[in-house]
Every structure is written in structure tokens, then in C-alpha cells.
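Should a chain be cited, it is by its letter among A, B and C, assigned in written order, with residues numbered from 1 in that chain.
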Amino acid sequence: MALRLEYFVVAEGVAVDQLTNQVSLFNVLEEIKAPAFPALVHKAVAHGLWVIQNDLDIGTEHQVLLIIRLPDRAEHRLTTNFTVTHRRHRVTQLIEGIPLSTEGTLEFEVLLDGQHAARHLVDVERPPAIDGQAPTAT
Amino acid sequence: MTSPRLFGIARLIGTPESGIALATSASRAIENAQAVAPDERARALYQASRKGKIGWTNRRDACGVYNCFGLVWASRRTSIYEVSEIEKILSDDAYRRIDEATACIGDIVIYRHQTLGPLHAGLVVEARLVGSAVIPYILSKWSDSYGEDIHSYLDVPQQYLGCGIEFWTDRP
Amino acid sequence: MLPFDQLEADSVAQLAFTVATPSALYGLLAQHPSVAAFKTALGTRTIDADDVLQRVRVWLGDFVPRIRFRHEAALCALVVAVESHGSKQIGEFIEELASLHVAELSMASRVARIANKRRKATLSANTAVIVKLGNVPSRTGGPRQDQVPSRVLIPNSFTSARVA
């Protein structure tokens, strides 16, 4: 792989300080508790940092493919193209409205130029019923 | 670039940088560019920098075109800016390091910062007897905007204090 | 003395007029107190990117063809002072100066090329996209959608998960 993936994380929010260019991620997604199904994840941010292996990589073009696999096995594929201009390059995909129809695992897989690079898994659960009552939709 | 060009005026009316055909003895091209004339502030600052330098003899007033490296290696025709080009010349033209005591007219001196590399170069134009010591006197063009002065190799601007002083010769 | 005025000090200009190589000039400017003071002003947000660009525009009013740019030494110092500022405008400013090949700005553009290279080695570039998979109910208040990702997102996405 021409670029090395330094890290890949899925979180609820991201901010880039306009003065320092420092990035901050908020509330890394590890589990989602939905009161009922179907449910909707309003926002999730898939964020990765790619680092060049040598200066020859400057100017090269690449494609990040984000595959979102839902617990019901449905898939969404999102591509983002970028040109390397710096030693490090952040690719951030903000996804709005991820539908959840059942419990299971919500998987975010990232590939660079067709090659698997990383995976981030999120557990999707329905909280257990209280006093034997099934949870009701709110 | 999404914003309007900041340096549009420079692109529109500026002088495109250009150099001359210049090469080492091994026919390797030497990157160079001819400087424009100094502005009034540069001229005034040059005069200010010479105040108090009673040991300096002025040869030429502030002018453009060439810098110190261009004086030494391009006969005042152009300026040489990059350290890599200096090292290329020293190597290809078979320069060798010599002691200050053996420096003579025609040799060159380089003022080299420990970490930043060469800051300045000049030509040895005189070996002057001062007391019982022979002191090399240097002809320097201080920059591509200042003038030329002849000075003792130790009598230099404040920026060069602390630099290593290297004498080089092309003599076998 | 104001930070911009400090960059125009005679001591900065004398450096630029007595050091022959852009790499040495860069190194000496990086240690100059005027540059340090300017960096402090940037860090405390006394000066921002807009101020920097506005001052450069003012300086460029003195650009005269075939004569050394009057503010070139200050411009060299400014480039060194803002090199690590993360904003896009500063990046574009340095990149544009670095791309110039005009004799009136020969040293400034060379110093900018050094700064640009260092900047690209230390700062990260950003590519961000927004994708809608489903219709998200609108909510009143909260951050504007088009400010993402340069803002904090309030983490309330899951407590309001509801029947679609």
C-alpha cells in the first residue's frame, strides 16, 4: 500500500482547530443502544489518517472506500478520492442517517485503493426489558 | 486555490526570474538568477551598516544583479543562492581547504554557520602585513542588494560572528 | 512595538541583506525575537490569518517592478512566523508565494518554498465529505450542517433513536 494508515476511528463528532489544525474526535462509537427498531443513527464520523511512505507519494491520487455493513447485512459503500499533497492526509466521512433494523454488529471497513486497511465494529443492542415489559418506542 | 490571488500584482508586473548559462568545470549547470536593483531602504541600510567600519574600503555602492557567490564564481554576472550549488562548485572545480596562513590573492573565504551552512563568501585580494602577522583581506559583496567592500577577514557583519571561517584554493 | 512593525525592524532587514542563502536566512529568522513575538501574537489570537493577509495586501501596494520589493525582508520573516499556523488561508498564502518566480521577491519566494516544504511535512491535509444515508429529522437549534467537520457535534444521536 502506498500510504500507511496511522489510525481509523468511528466517532460521533469531529472538530478541526482552525488555528492549529489539530483534530479532535468526540465519543468514539463502541455501542449503540436503541430503545426500539427500526432506529436511526443521526450522525457518525469515520475518520482516518493516512501517511506517505516516501516523498514520491506526493502528488499521487487515491481512493478511500468506506463499507458500512448493517446488522441486517445490508451494505453501503462510500468512496472518497483525494490527492496527496502533505506527508499526512486525513480523510473524514460524515454519515447522516444510518438505518438500524435489528440488533447485531455495525461494521465500518475502510479500504485504500481496493485494499483492506482497517475495521471498526460497533455493537448494536436493545436494552433488556424492565419487569418483563418489552421496551416501547419513544 | 479558492481565494483571489494575493500576489496577482507581482505576477502581472514583476520581472520573471532569469539566470545565465553557468556551469562548473565538470559541465554541471549552476542554478542562478540575476537580482534586481536595491530599493532606497536597502541603500540606506547598506550605508548604515558601513558606519563605524573604519577598516572597510568601499569598492562599489549598493547594486543588484549578483550576490557574494556570484562575485566569487560568476564574475558579477548573476547571483547564486542555493547551498547545493556552492558544494557542487567546490567539488567540481577541485577546490581544497587551506590554512589561513597559506591563503593568498585569488583564494576564497567562506563563512559557514555550524548548522545553517554557508552565509557568505569572498575573494582574498590582499595579504596585508599587520604588525608581525599577515592578515588576509577580503573583497565582499554582502548580498544581492548591498555593495562591495574590502575588509579584514575578521572584520565582518555581526551575523557572521561565530561562523567557521574556511579558506579554499583552486591551486594544486 | 506592534508585531507587524517588529517584522519591519532594521535588524530583520540587515539579516536579509547579509545572508546569501535562503536556508540560512530561514534559520536565522526562526531565531529572531521579532519572529518569536509574532508567533506569540498568533498563538494568543491577537493576530489572525485575516490580519496577516490584509497586511500583505497593504505591503504589496509598494511593489515596484525591477526594484527589490521594499518589504521583502519583513515578508521573509512573516513566512517563517506563520509557517505552522494551521489555517487554510495561511497555507494558500505560503503556497502562492512559494510558487512565484519574480526577481523582486526572489528571496521571499525561496524562503516560502522552504516553509512550504516544512509545513507539508508537519501539518496534515484534510479531506471531508458528508453523506446522507437516510432522512434525519430536522431539529431546531444546534450547529449548522455546513460547518461540519470544523465544529463539535453534540452527542445526542442515539437517545433520540426512534421508529422510522
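In this section, a contact is a pair of C-beta atoms (placed from the backbone, for glycine too) under 8 Å apart; a residue touches a chain by one contact, two chains touch by 3 or more.
Since the structure is predicted, the reported quantities are computational estimates derived from the model, not experimental observations.
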By mean C-alpha coordinates, which chain is most distant from chain B?
A
Per-chain C-alpha mean nearest global C-alpha mean belongs to chain C
Averaged-CA centre spacing for the pair chain C and chain A, given as whole angstrom:
30
Taking each chain's centre as its mean C-alpha position, how far apart are chain A and chain B in Å?
56
Out of chain B, which residues touch more than one other chain, so two or more?
none
Residues of chain C defined as touching chain A within the complex:
42, 45, 48, 85-87, 119-136, 148-158, 160-164
List the residues on chain A that touch chain C in their complex, please.
12-24, 26-27, 32-36, 38-45, 49, 58, 68, 76, 78, 80, 82, 84-100, 137-138
Touching chain B in the complex: which residues of chain C?
10, 13-24, 27-28, 53, 56-57, 60, 63-70, 89, 92-93, 95-97, 100-107, 110
So in the complex, the part of chain B that touches chain C is made up of which residues?
1-3, 5-7, 9-11, 13-18, 33-42, 45-46, 48-49, 64, 67-69, 79, 81-83, 86, 113, 115-121, 142-146, 157, 159-160
